[in-house]
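Below are two complexes that have chain A in common, paired first with chain B and then with chain C.
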Partner chain A sequence: MEEDEFFGEETFQHYCAEFIKHSQKIGDGWEWRTSKDCSDGYMCKTQFQIKNGTAVSHRGTSAHVQTCLPMEEALEPPLDDFEVMQTTTATEVIKYEYHVLYSCSYQVPVLYFRASFLDGSPLALKDIWEGVHECYKTRLLHGPWDTITQQEHPILGQPFFVLHPCKTNEFMTPVLKNSQKINRNVNYITSWLSMVGPAVGLNLPLSYARAAFQDEGNVDRQGSSIEPKSLEEL
Partner chain B sequence: MAEEPESSLQLPTSIAAEGEGPTEISPETATPEPPSSAAVSPGTEEPAGDTKKKIDILLKAVGDTPIMKTKKWAVERTRTIQGLIDFIKKFLKLVASEQLFIYVNQSFAPSPDQEVGTLYECFGSDGKLVLHYCKSQAWG
Partner chain C sequence: MHYPIGLLFDLLASSSALPWNITVHFKSFPEKDLLHCPSKDVIEAHFMSCVKEADALKHKSQVINEMQKKDHKQLWMGLQNDRFDQFWAINRKLMEYPAEENGFRYIPFRIYQTTTERPFIQKLFRPVATDGQLHTLGDLLKEVCPSAVAPEDGEKKNQVMIHGIEPMLETPLQWLSEHLSYPDNFLHISIIPQPTD
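Up next is the complex of A and B:
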């Protein structure tokens, strides 16, 4: 199957399928969704995060927030779930949606994401940047417009933030070549997502690291030989 | 994990001739200003107690990333990946615009808050944790 010399859509879907298999095993919540005409699809996951910050609930029932407790303390007292939700819902809980799509032009996977408060109001790009992990902040804010942008989701047609993929090949190639040297089949999606995800709040459980090799029998050999052909096209 | 501290810890000591590294990080070595804590030190003279506070990490470069002269380090279990990344970046004198990734199993990047002690439990063998590192311009 020489057409898999580059990272094609089929390879992408294969790796996603393997990734999701493991996700299901550990209850990590990833799903595959197809577009209406089923020609392509993407992987997605929703997760909720509590934002550290001002803990005062402006809109929550003040009876439950007698003092301005930090978020952690607010959750500790034996409040029943409903009361806790009242305290946290209004300001602190953020819903993140992560979508992994395939980019035909770059021939790499791309991470789309969006975030909103529980009342549906979306986070602005500024909030997203502020939420970027310390580890990546310096570099990402170095040239923010080159890194996180807002684009229309190719399948859903809604605005999402995107981690720009133009360097993906560049940072994936050494990793893949290194693994090829020792004849290891690597799940490209697992590897890639482990690298880019944490920058925007998406952390993969460690078990994915081992799962990438357990499917050795199933992984298409050519699929792992991802030559950076698309570099020539850039 | 198997405790074979003695043989693995002596490795960097033999590099002592270069005057680099085997002792606690100090200004006279080739490193830039030492990290704020000595949580990462070249693997040497660690008391081999029952509960080793530090674990041995072997760092391997990927691609054209500079190779560290001292590859073997004793690191506190609670040191995070981010802490290790910062340390290696300083050691290699990388600029802020360069990203450094660390991998287990040569291909999986643990999240920055992951503690190396946990990684050692999951991926360590022969008394050490092998981590690959790679610098890149990941963004843009």
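Up next is the complex of A and C:
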């Protein structure tokens, strides 16, 4: 719509389409949803994680946070009995939903997320943080990157947590400038999501990065904008 | 919801006589539908985040970012304590625009209708056309919510309401943004069915 938009809605949808293509190749579960009035849409992914009985005891790894498990594995009791003693429930399965929307106010993508137990009861922000690695917690609490607030989802109208987008341009600009310098195509969504996702428990397999420059030849062929409905044809 | 009370009244109860009788619930908070409001700090954070978003649209965030933390605090305190001068000492800066322009970069607005699943419509919309003409409220509605505006010869189906009044559709949007915005610097516009009395 506007020519001076650095990252407009069409560009956003294009990068999402490319991202989802790769996700489908590796079975990473991302899909596109169009709003009921068909005027816009968003990318979303649901994943299930096991929450241990205790919040602490990382043991130097993030082994207690497992992603994309089939349901049977998710219900196995934990191996360490000592941890189980501390709470009434051995394991809980938590459903995480991540939505990537476009903010026309800031002209950047925005990450919305929420988590709930299988019975539908939602998790508070502090419970979600228990699934996040320490190094990201510090960054979120003290960093100039982003803050998390609870807001109304602009399309669904339900409460979601949001990583505030006002600093996104600040940290994305060096990434994009550098990629221009070394003449390598970068998928904005891939780069952005790989930076903000881990802070809220969302990790991207490395293959996304490789896919971004393999698609260099394809980007021009597809044209500058991809309508959401073409995603259904994939 | 974190909506201004006036907006809630326009949208949900504009035909009610004042005082507006409401029912307050103390149990069964609908977690999946409503935002929690645990403290004044959360309201302040939400208010400031709306003000920042409005300035991102109006001035690419330049004005709000140039302000100091104490100015942000003064804006919030002025609102919280109902101090008009204290609030406007800061807010007037958010209502300015460069001399060479005829208005803001984009207008911060949200259009609410109870008939849609989407909570509100918010899009990029410039206050001034390329030929220098000021866009009106009618222009905005035609562009982003055409179903709200009746056809030329048709009967008026809806009321377009801001702060409980129906501004003329010919009103310049820039003027509305400067004078009829809510304290969060957004124009919160309700589209409600025309009352049948």
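The criterion applied here is as follows: the second predicted complex is superposed on the first by the 171 of 234 C-alpha atoms of A that agree within 3 Å, B and C clash if a C-alpha of one lies under 4 Å from a C-alpha of the other, contacts with A are read in each partner's own complex, and residues count from 1 in each chain.
One rule holds in what follows: a residue touches a chain if its C-beta (ideal position, glycine included) is under 8 Å from a C-beta of that chain, and two chains touch if they have at least 3 such contacts.
Computed from a prediction, not measured in an experiment: that's the story for all the values here.
Quick check on the chain A-based superposition: chain B and chain C, clash or fit?
On the shared chain A, the partners fit.
After the superposition on A, what does A:S121 contact: first (chain B), second (chain C), both or neither?
So A:S121 only meets chain C here.
Chain A residues in contact: does chain B have more, or chain C?
The larger set of chain A residues in touch belongs to B.
For A:C166, is the partner it touches chain B (first), chain C (second), both, or none of the two (neither)?
It touches chain B and chain C both.
Let me test your reading of the model: by the given contact rule, A:S179 touches which partner, first (chain B), second (chain C), both or neither?
first
Identify the partner contact of A:V100: answer first if only chain B is touched, second if only chain C is, both if each is, neither if none is.
A:V100: touches no partner chain.
Using the touch definition from the top, say if A:A209 reaches chain B (first), chain C (second), both or neither.
In the superposed model, A:A209 contacts chain B only, not chain C.
Classify the contacts of A:V200 with the two partner chains as first (chain B alone), second (chain C alone), both, or neither.
In the superposition, A:V200 contacts neither chain B nor chain C.
Once the two complexes are aligned on their shared chain, state how close chain B comes to chain C by Cα atoms, in whole Å.
10
Same chain A residues contacting chain B and chain C, which ones?
164, 166
Touching chain A in the complex: which residues of chain B?
By the definition above, chain B touches chain A via 62-65, 82, 85, 96-99, 101, 103-114, 118-119, 122-123, 132, 134, 136-140.
Please output the residues of chain C touching chain A within their complex, sorted ascending.
1-2, 31-36, 45-46, 49, 52-53, 56-57, 61, 108, 116-120, 122-124
Show me the residue ranges of chain A that touch chain C in the complex, using the header's touch definition.
Against chain C, chain A makes touches at 1-2, 35-37, 104-106, 120-122, 149-159, 164, 166.
Which stretch or stretches of chain A touch chain B in the complex?
Those in contact with chain B are residues 133-136, 138-140, 142-143, 146-147, 163-164, 166-167, 170-171, 173-179, 182, 184, 186, 190-191, 194-199, 203-204, 206, 208-210, 212-213.
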